[in-house]
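In what follows, structures are represented as structure tokens.
Both complexes shown next keep chain A, but they swap its partner, so chain B is in the first and chain C is in the second.
After this line comes the complex of A and B, so read on.
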């Protein structure tokens, strides 16, 4: 569960986060990352508590049980649409960045299609393959973070990050709210809780995952502030890549190309995990077995994702839609567990297993 | 079996597409500029006109052209993008700017500001921000036209010269990254090495360009460059000649091989600010004329250290005075230490007369840690 949550959290946002984090808080942007992690921690606790009430039921069954058949179905469909929307945004942003730095002539739908093929392949193989892939890619993530941080050390200027905290609390909180959108991914616990064998370790896994991601985000943001300065960073779209572009290593003249190659692999994880959530929930909603009917759900789903990812006009529009995804993440991450908890305790609904 | 074949087909598709079906180009279809020089260009009447750039690129070539293994191409355009556009009609090869190594700016052009050009380079995702930058004392194009015998072409020579400058002498090295960071953050200003053509047969770094953000305001020579580099804390390794006098008599003369570093402390002094710049020089004795055995004459080492310290402090004080009275910008990069303590208060004024009013004190510490193989 730890690797699945970490894999979902770290995706395309890692390279655009530093400039968002220091928009108002300037050199204290790294503090706003930590502040932004408060809400996801709360979400982990709420989701775990809510799912614990129905340990053997899927999210679809839980919402139908808690909210009734009609409202529950609407909530289920909303979650499926939300997961699909996140997948579309992730695929599109990934395609835009790959096109910008690596494949400028390749059309966006072609790049998106290659990612969707990978997503579809892993989804069709089932949750065990998905979990194993997330674990393997986690170690690749650690390596790629070190690859971006270590060579950049010679660009660091400690005066860029000082003084600490002089900007006041309000700008830090403002940026903290913006950065909390970057923790979108905690909500996959709603689906994967029932699939995990070690349910009593889910809370621990969730907390450690958010803490690990918070640490990674903070290190990257601090490194960008140290090397670029918070003012210069405001006009840079992807500060970590610009930072590593300023370094020339022996043999590896363009370290950013190496980093982006690894990053392209890493950004498939959120797409895979959300895609699995959407397909699994769809199967459950339709009352069919996901293992036997995966391709019937996956093929139309992939076509929808490809069409959705091709709609955006440009990268700026893609980022605008990514902002909306952040707001939806709050609605799902806080709304669903709260509704489940409230309906359980206030209205004392009896458990009804849906056949 | 059918499933495996489908999977195999998909894998082949991914492998074919991701390395770049659309982005595939043969190397011999690429024109790769390694150095670009920017000068004030000519209009269609042939008269120099500000607002027009003359962009000279040096492209490596397998064949010898006019005695060099490079092709030099000159374009006139209002902006860099326009120059690249006109290339399309002249050269069947695609311009690949991802391997650009250095850019040179004419002095007159740099005085008007080089933001437009550096912005175009910084904005392009294919251009690395570790490219080297320099100002040319005179026409930038002339530096590219100087022949070189030791290197494949002048572009490679310039790249190596600008990259290794700080490893052999007290000279600054400026990349696009450091230029953009210094231009876009409060209280900071970049400095660029100045390249000159010597006797039409050689190109060398002859000084440093002092910038107020993206505009060149002055050029200083090599002696002042040494002071600037030490005060600014640019880590270099170079040679410092010395002469030691006692009672009016020359006691010793020679050269130290030194590495410099710096620490800066800043204090509030009433309503003003006091900076203490501590320059540390870790030296090895490279040569000296005195025959005395240094292991038995440690006083001589102290005298050498004192002599070097006095001279460098004096040079640095003169430079600081010039900086505050003439340049009126912080070219030694010390405002950032005050901003690190009082950022909110100083940020609005960091670029406006802040450095002119500051009290700057220099303290040099010279340590001779070795004398080679003999005493």
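After this line comes the complex of A and C, so read on.
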């Protein structure tokens, strides 16, 4: 569970996050990331409370029972669309980065198709594979973070991060809200809660996961601020890559390409997790067995994702849509558990009155 | 005459299709000796080495006609004469009073052979004869005696070819089930060791033994193994490798989801960890279930040498695995797509050496790769005395000629040579076969998409490995799902006193492996 959440949280966002974080708060960007983690923490607690009420039901069944059949179905469809939307955005952003740094000549739909093949392969293998994959990729992720951070220590200039907190609280909080979009992924808990065996540990896992992601984000942002300085960072699209470009290692020329080669696979995780959520929920909504009918759901799903990922004009538009995904994430992550909790509370009162 | 006709009828129903144990369980043998011999007559006509020896049993109280039936080529005739025929001849002088029947007397008193079974089933009799047992039948009794004195030829115990070791025991399994089981019993004298027999193959009727330690092995795994064995319905099982393919978890995978070994010590060590071993008669390979991916990179030697050396060797083997899978693909993705990633001083000699080669890099590497694979295969089939010739022709003459003919660059030859050598550093034969296939897969993905294809290919391989299971145990187990307790015996080999418990990855009944006699490896001075 821990690994699924961390896996979903850390995605393509990591390379654009530092510039987002220091948009207003300049050298205090790393503080705004910590501030931004507050909302995801609240979300974890809300989701856990909401799911605990219906421990053996999937999200689709929960919304159907708590919101009624019509509204529940609409909510379920909305969730599926949301998960698909995020998958589309992630696939697109991934393809753009791959095109930019690794495959300048290859058209976007082809790159997107290769990623969708990965996504489909994992989804068809089921939830066990998904969980194990997230687990092993987490270690690779930590390893790769160290790979970026350690060599870039040479570039650090400690005056870049000083003075701390000189611009006051407001810009930090403003950026904090912006960065909290990057924690999109907590909401997969809604789906994976029923699929985990140890339900008591979900809360712990969720909080640790958010904390781990927060640490990683903060470290990366701090490293970027330290090495590049905040003014430069506001102008660069992908500060970490720029930072690695500056690193010179023996034998390896152009370390950023090696880093990206390694990194590419890690960034597919959110797409995989969200697409599993979408497929699982669709199967549930249609009332079919996911294990047996994965193919029939996946093939049309993949075509939709591929078409969706090819719609955007360019990377800027893709990032704009990613921003919308962040807002949607708030609606889903806060809205669903709140709705479930409130309806439960109301029904309880009704029941009491009847008694 | 009535029983005789009945017997013939029964015979006709059972003769043409191979007698199946369950179907003909009810068919009982006739009482008359002649009827019984008539049943065997068609078999006698077909098999020149089948011997029907009529004898007469003369005891004081009773006097009966009898016959001994056996197949000469697979019976131990010395024992037959000494322990069966001679005692029967001497019977005349003995007093059989007090016994219900002469057959009971013979069974209990006169025969000196050890393993004798009492039966009256028709199919059992036929099978017994063809399994090399001697059948004693006496006129007037439906019961017969199956005297188990068969004699199989078998080669001497030798050092195994597959899993070689420097510091471990040198005995390997042979082609006899009885000898193989005895070798395991010599090493493992636990009374809880269960050795269950099964007969598989409608026509070969091969004996299969399933071994496990009753109070360690997980009951789920044991019953799963039996369930899968029961489902097998084929005409012949010739080798454990063939058997294992009938009941492996995912036949479509490149990877072997069971372990095959020729070494007795590996089987015993695995039994001690709660696994199940399946031995097939006529096969020197033993199949072990469940197995983990990490074990394909381990050798039994790691445990016989010091922990530090074991760890170092394991890390080397892991490196060899990674290299043997990805080196050519990595070369292709760099040289055809991203020359700028290679350090400047290295890229010039590389390009220089490739200057005159007429093929693109991918064709060059594929050409060499296929050639090396053919050489390996040829070396395997060659008579041992000619093996050196292959080495000289392929290695020296061909290699030199390819460079002079400018069909390949020296860099590519070095690369393929390193890759091939790395392949043979992998202790598991199946994994080293699998690496050849994966290598081709990675070569193709990276020749299409460059470095991106390289990481894409690895990701798919990783996902595939993660999704596999061996008897319900995740194949990539100590790594994903991560079992921290088992990591001490993964890429590393920890000290012996660290293995207090059995591996967590494999479900067992009894976790405890060692007592707490040593804490830090040093002997307690205060003791």
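The rule is simple: the second predicted complex is superposed on the first by the 348 of 355 C-alpha atoms of A that agree within 3 Å, B and C clash if a C-alpha of one lies under 4 Å from a C-alpha of the other, contacts with A are read in each partner's own complex, and residues count from 1 in each chain.
Just so we're on the same page, a contact is a pair of C-beta atoms (placed from the backbone, for glycine too) under 8 Å apart; a residue touches a chain by one contact, two chains touch by 3 or more.
Quick caveat, the model's predicted, so the values are computed rather than measured.
Residue contacts after overlaying the shared chain place A:122 against chain C, while chain B stays out of touching range. In the superposed model, A:136 lies in contact with chain C only, and not with chain B. Using the contact criterion defined above for the overlaid structures, shared-chain residue A:254 touches chain B and also reaches chain C.
Of the two partner chains placed by superposition, only chain B is touched by A:159; chain C is not. By the touch criterion defined above, A:242 lies against chain B but remains apart from chain C after alignment on the C-alpha atoms of chain A.
By the document's definition of touching, of the two partners only chain B reaches A:231; chain C does not. In the overlay built on the shared chain, the residue A:103 is in contact with chain B and with chain C. Residue contacts after overlaying the shared chain place A:323 against neither chain B nor chain C. The wider contact with chain A, measured as residues touched, comes from B rather than the other of chain B and chain C. Contact with both chain B and chain C is seen for A:114 once the two complexes are overlaid on the shared chain.
According to the touch criterion, the shared surface of chain A, contacted by chain B in one complex and chain C in the other, consists of residues 102-103, 106, 111, 114, 117-118, 121, 253-254. Partner chain A is touched in their complex by these residues of chain B: 7, 10, 13-14, 17-18, 20-23, 98, 125-126, 128-130, 175-178, 180-181, 183-186, 188, 336-337, 339-344. Against chain C, in their complex, chain A makes its touches with residues 98, 102-103, 106, 111, 114, 117-118, 121-122, 125-126, 128-129, 131-133, 135-136, 139, 251-254, 257-258, 261-262, 264-265, 268. For chain C in complex with chain A, the residues that touch the partner chain are 338, 340-344, 449-456, 458-460, 462-463, 466-467, 474, 476, 479-482. Those residues of chain A that touch chain B in the complex are listed here as 26-27, 100-107, 110-111, 113-114, 117-118, 121, 155, 157-160, 162-163, 166-167, 227-232, 235, 242, 245-248, 253-254, 256.
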